[in-house]
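The structure follows.
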């Protein structure tokens, strides 16, 4: 569908990890209620235009910036690089790619120094920085530890029409794929890739894009995620629980997806596995495997496939959304044209003489 | 619809707790794989016709009897009574009710002494006993403790067409209601009632009956239940996870429903609350409250409403199933004629300007 | 050592459960910091003389009353009885025992109606009541749920010189023993007894008494208890962690002992087992079994054996403390004269050729 | 005391992570009972001379090799390097250091290819390899998941007399320090250092050495560690629980130390924090801070300070143990000459008028 993104001749910057996301929200008080009062993220700085938040174990200034604005969207997917000079490398790299870039020695947001923002080849606003203000690492401040405490930023997830194209670009940039979802005809539906030795720092989900699918924070244990659900129930916000909790097939993590007041999707995530060896085995899932996205076979709600947040260009305007032309994962797995299996090759789906239940969703009204 | 069941003039037996269920299974090896290999219940006795199982903390001979037979059904809902003489009281009680009864001094199954079985006014095969063989209580045998260990039998759940009729009968028998589900017109959809100081020893679910809805075992912690899901995923049995895991509204317990090879439904359950005071506050839930059955608003699959196990009469023949004539909970809450709310009185369902998501199920294909 | 306490001819009151403890504290603000800010108990009422606290799942007015006073001590061990008339029964019962009693129709503390307080035969201030103000049960208020949430009052623990004498008195009163600690010569060191179907509502610990050993609250899961330790570490209060966390031998519960600002001992406790059957097997532990008080063999600190809170008579004066004349558990198990075993009959204590480690404490400086 | 170890002029190998330890055990069946039956490590290969074990989430051939031999000792601390050529780099590096080295193209143990073993400047048998046989990663095999499952090898811990000397050597080799313990006079008692982005791949503990202090495996959650204690209690092995469970000050991890049949110490460990950024803040603990090694102030047993395993040279002979000449952590913190504080500057140690408890251990017999 689109041209291959060439690998630049200059070296890629040495990316450490996904570091923070800047999102535009339309009601700062409502977002504060969500991220601070409900989720318990810790405020590093706030005024009437922005709130800077960090997780329990973080020592850099923030993992999330909420910026007040007219259109709910994502302003930056920001990565930390190993050395100050990696920002220079990033600048040269994206310039060779022909991307629009902007460099600010004092950073685009508080707490961050010399930074590069780019409109990347997939249309996403990527940022690279090394200099950052250190703040108190709260990791032993158990007097501040809530029952659903978010302890780290774990990853980003991006929606893009052509996953293989995006994957090649990110592999060139130094990311390593850990898992993906394909079908027997070779179509790729999603891919997970990392820098920091977990399953991912970012993932590509096939769909109309560029859009932001979710940003994920991790907890220490599974009960912390259950508490977030319980608290949302108590606050009568259960309709903002979109999907889960459950166990992912891909990544093996325990997960939950919830929606903020602007509809930005947040994943709460725990207990994936170490991937830091260069020959870490890549796991490819069959798109028809009904346990790939939920190991327990619980249905993926359609909104999870179709909804996502706009992303902004460097002028702050929403990037146009380009339609995916490859098959959609939703279409090939549920509904009239799709199918899923629990046991591959299990022809009649029968289980000890019981009639097949088929796909669970089919049993619902 | 049916006549009120009168309260006998003789005293009711003093029931301690639900003690065990005897179920007929059609493939003993398949059932053993499910209850022993998957769920880790402990075998007290087995031969080629029956398997006797108990939970980790139990000291009486068994909590579940699997009996090989031609038709999957329930043979007995068995309660332990406080004193040997309570079996006599039970016999007199049911005789006055005009029920068919059968008394066996040596018990109907191994490990149990003097017992009474009855065809109760609702059509269920109830058993009452006091004498029982003690076996090793495994509660400190952590060398046998599996990651998804079932530690107690918690409760039964029975489907009956007329819940208020059944409730009155069980209250006369000494059960106390802890929670129920009603609508604004006074229809009762379900009621939970106990003897042992938890939310229930049995519950009545409105529907075509008499049928057995589920039998429930409890775990120590929530992660034990998650492990059962994970293990079913690993064994490619995710299509036998029917509903959950989730947090109940009613009972406040963390739950999971799974299906055995014959389709008998088993609940795994943990962390309800103390109800032993006589003035324990009864909680009545609005049938339209979308958090009543799942505190997180996750949908109840239709099979959970419609499927249940047959129960047998004292000759071993299935009891005829009588249709419910009151409104069905499924019909009034989902689909074309039903509605559910997340926030009562939340007219447009909007949330911070986001369009209402409505009932989550409606978003599914 | 002392005379046997006779069983009264009148029936004992029907006790439901331990309901609350009233303790005298010498610095109300310091106690509030401990019970409210640290432990997260919920305030039902407070003024400058008293604070009324309840646990997460409680529906009666309180489980703990902190009363400002000059001497740190316990003012009442209060039990709820099944019916209003049980207070009359209690009054007659203790009058026949020759105990000093005081009846107040409006209660001794807020939230409680008609009550009887007695100086019981062991010298403890016991209270019996039925009437009580209901308050909001917070059991689903997960918006208020802290990471170390205390969900129920579980039990009291009393120090008395002559355990068999006290045990007989409490059995006459309707308590049932679940576990005890003895030696081969028949000396009883402690006994646990219940009304509500758990391992205990109160326990007798052999020692100089009458004194209050501890009051115990339960959590849902083990990690909740660990969080309390972590929080005490963060607040640099680790010297108020007296013992644990650990797994009890007796009761099989996971436990922690901490000390409030006045030195009143509080246990945090979770996951004992059901004991409601009348033939619940009693477990007798050998006093020399090194796993009886900590299943992992971790040492009991001497202060845990020797320190306890004074109790008050009905005039508010401390009851004189009478010395235990039977052997002390500390003396027979640790130090020069005592011994403990990990494996009974394990003569040389060797383990796969490794020299015996003996009692762990012996390895400490 | 000893000469500084110079930094070689050749580049250090790029170490990925600690990968496995080879230990000599004197009774293979007894060790199998410990590591397989008790701890549940998974067997990759075994014969009558060796057992190869791996953790739940591992994909390389093994994390632990048990080799039958006459003297319990450690044969290799083995690190995986990023590229095959890093083994060449390691060889050149240690040759320049003047160390004895041995290279085997087919590895020293099964499953591992081209390897270098060295007698390093501190006297430890270090190994470096890249080539390794992949085996089934069991990370989703929840049918094999035990209640106390060990999911990863986390780190080694080495005893050496001169910690600063060893630290410099390891920093030259590419390790980065995350935490250390010092006193006001500048003595270093221990240091933690990593390659893989956790608190450590190895640590240096000041003491008579070279000896192996422990090897650590991690679990997913804290309850998994508690289960291991509970199981050891059930197996009457509580005297092999040496220390814990507890929360470390250093590393913030939840921990347990147990002893294998030969006295090799194993740590079970969970939930430290991300350290992968180059400017990750180093935490220095005061040796007198009583929460440094146990955040809850629980005492460190003396055996934990004094006992450790011998290490072997390349001929299989035990390395001579050299005495530490710097102050010992045990001596400066407990006993007649030592002191510890809970609150720095808390002169009299009083707490709300309660007399100081002082160091908890002092209260023990």
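When the chains are written out, they are named A, B, C and D in that same order, and each has its own residue count from 1.
Here is the rule we use: a residue touches a chain if its C-beta (ideal position, glycine included) is under 8 Å from a C-beta of that chain, and two chains touch if they have at least 3 such contacts.
Model, not experiment: these values are computed from the prediction.
Chain centres computed from CA atoms place D at the largest separation from chain B.
Between B-D and A-D, more C-beta contact pairs join the chains of A-D. A separation of 35 Å divides the Cα centre of chain A from that of chain D. Between the Cα centres of chain B and chain D there is a gap of 49 Å. Listed for chain C are residues 140, 221-223, 230, 233, 249, 295, each touching two or more other chains. In the complex of the two chains, the chain C residues touching chain B come out as 16-17, 57, 59-60, 80, 82-83, 134, 137, 139-140, 151-152, 196-197, 220-222, 249, 252, 271, 273-274, 276-281, 295. Residues of chain C touching chain A in their complex: 140-147, 149, 221, 223, 227, 230-231, 233-235.
Here chain C touches chain D in the complex through residues 26-27, 30, 221-223, 226, 229-230, 232-233, 236-241, 245, 247, 249, 254, 259, 261-263, 290-291, 295-299, 301-303, 330, 334-335, 342-343, 349, 351-354, 356-358, 360-361, 363-365, going by the rule given at the top.
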